[in-house]
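Presented sequentially are two complexes of chain A, the first with chain B as partner and the second with chain C.
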Partner chain A sequence: MSENTAEQLATKQRDISVAEFFERNRHLLGFDNKRKALLTVVKEAVDNAIDACEEAKKLPEINIQIIDMGNDRYRIIIEDNGPGIVKKQIPNIFAKLLYGSKFHTMKQARGQQGIGISAAVLYAQLTTGRPAKIWSKISIGKPAHYYELHIDTQSNKPEILKDEETEWKEDTGVKIELDIEANYQKGDQSVDSYLKQTAIANPHVTIIYTNPKAEQFIFARASEQLPKEPTEIKPHPYGVEIGILIKMLKATEARTIQSFLTNEFSRVGAGTAKEICDKAGLFTNMKPKDLQLPHVEKLIEGIKSTKIIAPSTDCITPIGDQLLEAGLRKEIPAEFYISVSRSPTVYKGIPFVIETALAYGGDQPGDKTVRLLRFANRVPLLYQQGSCASTKAVTQTNWRSYGLSQSQNSLPVGSLTIVVSLVSVWPPFTSEAKEAIAHYDEIIKEMKLALQEAGRKLGAYVNKKRKIAVQQERVSIFENYIPEVASALSNLSGIGKQNIQEAMKSMLEKNKEYIQAHKESHKVEKTEKQDKEDQIKLGGFDE
Partner chain B sequence: MNKKAKESLENLGKDLVKKILAKKPPILDVPIRSLSNVNYDEKTQTLQLGEKTSERNFFNVSHSKKFLQTLEVAAVSKGLIEDNKNTSLRDVFYMIKRTIPNTKTNIVDEQTESDSAIEDLEAITGLSRELLHINAKASGMVSGKVIIEDLGDSIDWSKMGSGGWAIPSNVENITFKKVDANYVLYMEKDAVWQRLHQDKFWEKNKCIIISSQGQTTRGIRRLLQRLSQEYKLPIYVLADFDPWGFYIYSVIKYGSINLAHMSNEMTLTEARFLGITAEDIENYDLKKHLIAFKEVDIKRIKQLQNYDWFKDHKGWQNQFKKMLAMKAKAEIQALSSRGLSFISEKYLPEKIKKGEYLE
Partner chain C sequence: MSENTAEQLATKQRDISVAEFFERNRHLLGFDNKRKALLTVVKEAVDNAIDACEEAKKLPEINIQIIDMGNDRYRIIIEDNGPGIVKKQIPNIFAKLLYGSKFHTMKQARGQQGIGISAAVLYAQLTTGRPAKIWSKISIGKPAHYYELHIDTQSNKPEILKDEETEWKEDTGVKIELDIEANYQKGDQSVDSYLKQTAIANPHVTIIYTNPKAEQFIFARASEQLPKEPTEIKPHPYGVEIGILIKMLKATEARTIQSFLTNEFSRVGAGTAKEICDKAGLFTNMKPKDLQLPHVEKLIEGIKSTKIIAPSTDCITPIGDQLLEAGLRKEIPAEFYISVSRSPTVYKGIPFVIETALAYGGDQPGDKTVRLLRFANRVPLLYQQGSCASTKAVTQTNWRSYGLSQSQNSLPVGSLTIVVSLVSVWPPFTSEAKEAIAHYDEIIKEMKLALQEAGRKLGAYVNKKRKIAVQQERVSIFENYIPEVASALSNLSGIGKQNIQEAMKSMLEKNKEYIQAHKESHKVEKTEKQDKEDQIKLGGFDE
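This part shows the complex of A and B:
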């Protein structure tokens, strides 16, 4: 799939206009329909805003406003408190497709292809003809810059309609205003839901959101702690596929296999490189470009049989079990929360971390399928739930043993929200639309382990709760029956009702001795029942 | 007023209160009235309740309601005894039916629940329903040259017009003044009884004829037992040639599972099965009037074959075998094919004279 990225499509086809490119690829870019277009525009702007704030080590505060202009037109205004953008970069970032620095680096980030925000600008231009309006301010002393931009659809270059200095009350930050053709609906795939979920996975972010119905939501931050800054890393030898290894061998500048291994991979020193070569039966001084396919296969085997330290994990910043729980706690009212953060591991040499959190009970309906919230690098995934690895991991987990109901190969039913989050320098998606996590065995396995660990704790809680409920029900049965029994007994024995009732109540107080289920009696009751059934089978011969 | 019955109910209450005041769990020991606890006693030739009891502990959620139902019935019964009134099963149901305060639970929802509580009470106390002053509805007719006294009235069973005397569900309190009969003939079909009554069969043959409609009620069974025990009259049973008819006889003679705890008051070990038998079908040419067996009939006859009291009984096994071979059954009324009064003028006198019956 990655051979066909939108970028490559675009570079191959320089002679066609970006407008045409957009039309051809709108499904990959998230503009399939009007409803999704609204979400995509908000999503791209919010992702960029949070990334920018984090890079500048500022706690993000994002203000989002969507105004219904009538006739399926919406004005979207998004403002952040980030570092702002230097003047000369503004036109390129907003009005040139595929301009960006994030593509093909081994570093965890929200946006990946540098395609997002300029595509939103182009979409606005194509549907309403209105320019993008940008405000940016980079320091307190300096004035803000205001741009009105179009994209030249023939040359893929910014077309500057307005360029002014202006006053802006904030210290630093960026504000963007776009008019687009769109459709606003509530529901699981709405902007409302997207922002709520963003708040869950990013507990350090404050989001102030006014939707088209003029309802304002404030998702206040639950943590003052910025995520640790991710760093770039080289791939880890474990899990590197033969094809990638061949490409790397061709591209490397190293002169020997030993230096190739130490230079191009993380966690490989001279000693480890020598061990790999020894086990592969290759000379350490062979030239990488001379390696033939059989040699490469041997090299892969050498890697597999050598013990290599796990990849460095400072390149990824998991949300952290406590923060993920805090995020869930503030947005999903429930009675029981649990979160699990797994240790980093790798798929195809790429490190990743799986985290999961559960919110159980509260007002969540108990007779419906559980709510599954999926995240990749803290970005909520709202579409393609069915084809996502996390869905597979949830359906393959046996929730019945944790006190929920579940039919074969489906999501469990119960009063539960399940969060599955993947954080990685390069999250694998099923398609360029980045809507579902691809089915790698290593990823699904980690997800299942995380879900099982959380599930066991949930099961303990559910069982305990059930026991208490049964106990309470029993006590209330006895409380209500006691006066009836006391008055019948008083009638039979001639002893005062009050005495009997008090004695029975005090027995109930010291409950456990009496409220226990008498196993033997149950047995008798059961055989009694069985016998009754047998009797019926006899053919109703009796009176 | 039956003092013994009243005391027995009072003691039931006192025992439980004593346990409660001693902080011991209130438990009723209820004899289990089901197949697993009913045995055929060879010596008395009756079905008898076994030793097994089930503990009914109020402080056990699955018992609480039944525990309450049993006490409610006991309290109702005690009141009836004190007031010297009788009432029906249906009345008892309404007397204890109410919603428990603060709950949505009714003490009883259906009459089967109160009926079962009454049977439990019988088993716990050893008192029959009649002694508890609870009656079923009257169903059954009797006529014959007998004079009885019931509640101070003198009743002559030979002067009841076309209807006969309706047998009450409680026959404990009637006294026999004059019994002029050689035997008792009990039949499951009311229509047959009407025929015999119209033909003054009881007068011509010096007997008592009794009918029920289908199952033999407790009142009829007690009446049969009293006539048998107090006047040593042979009791003949006339029933259909089918598994049902055989079972009616079985219940009269050996008792039933549900009422095993009352076997001594109910069973009639001397009861004789007069007909219809497999031989009758031969001898009286009833073959044309057979009704084909259904699957369920075959199953029932096989069950009868395996009952402890029939297992080694050659006469009955012979009947079952022949019935299975015929794969058919016959009603008493099949005899009417030989003429309306064939049964009263020919069949019955002949059978009784020859002593053709099963025991």
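This part shows the complex of A and C:
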């Protein structure tokens, strides 16, 4: 009977297509509800469009239109001025999950896994039955291609409903049109907010957005400069796991471990490779394919105990502390700004950079939880704040010592906006929907260091502000008592009350000047990045 | 140049294997850190083992052994007494992602997506390079099969390192041995805690567990009864989306919509099918393959506007309020227990049942956040509490009206343990790691209704308890003043003080009896499910 059971069970075993898997688990891809679905579709298309423009070295201009078709249906049209997509690739890129150009290259990009836009097509098909409509033009003289696509979920392959040549605009580019079941609502987690934050973190992008209320917003580019192009890199030896190393050793064309190490990894020269082999107790001229598990284990130990310089900075393009601060100034009116850009470091062999910025005071409410803006590779993260590494880093930072109030394991309370930005060749997200950064210790540590650095400067400002306020209060109290004190002193000393009173006033005046000087020099600090001119005006008042 | 760019970009486009995808995104599968990795590996193996035993109608006996091998490496050995796995299927089941028997059947099970155990094998390979070792025996008279397996991640196919017949125990079953990088720690999110909670929600399972400290725990089964076997069902028409409907219409062998509706869906008889067609304005004898998108849209409208009875209960096997309460009593010593089992309902055409239980008072701290125990298909969920639908349901329930304190959008504070359990043919998880239930409105609504039902009973108890306490205090204050009041009354009335005092005491005595009676009848309520006998003892004290 038992054998029968095993045999019976065996008959039910079969392959599951990744498209079927995500069809049923759409919430994993950001399609949990109608409102979020609208954001996810726009996000996937816009991220791809900006990536494509940057790869083609064109300043991106993205046109987004959302039309309310009633009955919870929306038409989303997104058009870019990028290089276009060659005909042959269109069906796979838009109607096959796990297909793309970015997964196998270690290079900073918004997209990564070859799922996003096909998932949007899948969602449209599921909720309205309508195909995705794609226009692509790759050359100015030639016609454009027009496709209507479905996904055959059982095979995870594109199903082509229409395939035509068509006339379409002068320039090159891609346009996608999707009908989906959705819900449009303004607010922190809206498409409007996503596009605004995208404009902040991407000052080289022009976004023209028409929302379902037919309101048009134009976020014009503030910079004509494309971000420095991120370069593709090889993995860094630190953090490379044994399973990956075994795979690399099998696949390599190198003939010796020495050349394997120098060719397949970044930051490993001949000397470092030799040191790794020495520490591993392996000959540098061993053939990679001859290495057995115990050898590979030793090699890992060798890597761990060798000092190897951090990965190269130019493979990633952070926003930059100046631009980050400028973006924040544009968005959040406040009285004190600070930004910090950390040096690159690695998690699991993958380089990343953490940047943070703070905006303190101004009209921000002092009795509410601080506002946290999160970015990954310049893409705003609007959902899953609670699960994000940046939230953990903020809650684990002691903001009390920087003058804010904070309960244990909570976001601090105060008139503060905190920006935490990660750029990496491979940001680790907690889900395919790419809404939150996973809790890697290395990442949380870097975030905390960045926040502490910014926090200390904030603390100095807040404390000084508090000290000045206290001093000012003392002076004004003293001022009120001058007549009484003066007549008492006059009685005791015989000096004329008027003289004493004047001497005291003049003393107080100096004190006030001193406080003012503190306040002004303070101002200088808070606008560090302004012209020297301002400082000259205030030159006389040294602390 | 642009064309070149499009062409250049095209050359980089390629397929991504699902194994490569998860190799890099292992945190999606519950391998975020070493401690969680240990739990995830045990969980995937134990869940599969219990599923297999239940399918073979054998009372499960699961043996788990974790050996600390030093240097953050652990050997995990899990053995069951299930039906075993036929030789041919072993490699695919353990070393191929998205392969399994449960995805395509609508039937309640712990496993669902054909990823879990292969992901554990992948994690072992990544972190220690060691293959998975599998023993399987499907028949008492015959030898067992022994495999050593890796996953070829580039192709997502098993790589067989060893394939032998071997002698292994008398009975049938499966044993898996994995060496992984991990970390063992006790506490709420530990393997120990997971197994303890598993025993609570699965009283028919015996678990023998040896932890890395070589401590052995035996959770002996409390029930010799296997849970009623869940049956496989067809989808319910409510919540079936248009994309799925189109797919079903294409695939069906039915010749008319009438027979399509009655054959492919549950709870649709001839009458209901006719009503759906009438409301959709379609002829019942149309051929499914002739339906165009506008017809399918009408069919969806027809389904929505037809009253169809809820899906059958017997496809899912809830824990049951009695067993749930018994489990809770075993785990949490408290003074008041209540459990609620809701009727089945549907989300997206998929039936589910919500059950909840509360344990109030006892030694539980009154000034801390309540303890929340979450289950999905009898599997304890230990991570991602913040992202779970059950957490949202608890925070959105107004616990103040049930006598607890609670800040807005927070878990309540008080000496309370809350159990929320979901059973479904397809529980929607927020991630492949299956740690939290996704925020589907229908699910949250059911959870809130269950919590409110339990909460009202809790509120009645808490309020009555409070009222009795107040009354008791009044009585004891009055008692203290009896001598004074008695002498005053004696002075006024001329009656002897002694007499008055005795009359008052006797009055008070009656009052005390009354309070006691309330307390006792109260006790009856709190142990509703105890024998009548107890009630007879207290029979005299009616309210």
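Couple of notes before you dig in:
In the analysis below, the second predicted complex is superposed on the first by the 365 of 543 C-alpha atoms of A that agree within 3 Å, B and C clash if a C-alpha of one lies under 4 Å from a C-alpha of the other, contacts with A are read in each partner's own complex, and residues count from 1 in each chain.
We adopt the following convention: a residue touches a chain if its C-beta (ideal position, glycine included) is under 8 Å from a C-beta of that chain, and two chains touch if they have at least 3 such contacts.
This is a predicted model, so every value here is computed, not measured.
Residue contacts after overlaying the shared chain place A:R342 against neither chain B nor chain C.
Once the two complexes are laid over each other on the shared chain, residue contacts for A:L293 go to chain C alone; chain B is not touched. Once the two complexes are laid over each other on the shared chain, residue contacts for A:D441 go to chain C alone; chain B is not touched.
In the superposed model, A:V18 makes contact with chain C only, not with chain B. In the superposed pair of complexes, A:I500 makes contact with chain B only, with no contact to chain C.
One of chain B and chain C touches more residues of chain A, and that partner is C. Once chain A of one complex is fitted onto chain A of the other, the partner contacts of A:P83 are limited to chain C, with no touch recorded for chain B.
By the document's definition of touching, of the two partners only chain C reaches A:W426; chain B does not. Looking at the shared chain after the overlay, A:R73 reaches neither chain B nor chain C. Comparing the two complexes, no residue of chain A contacts chain B in one case and chain C in the other.
Looking at the complex, you find that chain B touches chain A at residues 9-10, 12-14, 16-17, 20-21, 23, 25-26, 32, 34-36, 52, 54-65, 67-68, 71-72, 74-75, 78-79, 100-103, 105, 107, 215, 247, 251, 256-259, 296, 299-300, 303.
Listed in rising order, the residues of chain C touching chain A in the complex are 2-3, 5-7, 9-10, 12-18, 20-21, 23-25, 27-28, 32-33, 52, 55-58, 83-86, 88-89, 92-93, 98-101, 103-105, 113-114, 122, 125-130, 138-140, 153, 172, 241-244, 246-247, 293, 296-297, 384, 386-387, 426, 428-432, 438-441. Of all the residues in chain A, the ones that touch chain B in their complex are 473-474, 477-478, 480-481, 483-485, 488-495, 499-500, 503-504, 506-508, 514-515, 517-518, 520-522, 524-525, 527-528, 531-532, 534-535, 538-539, 541-543.
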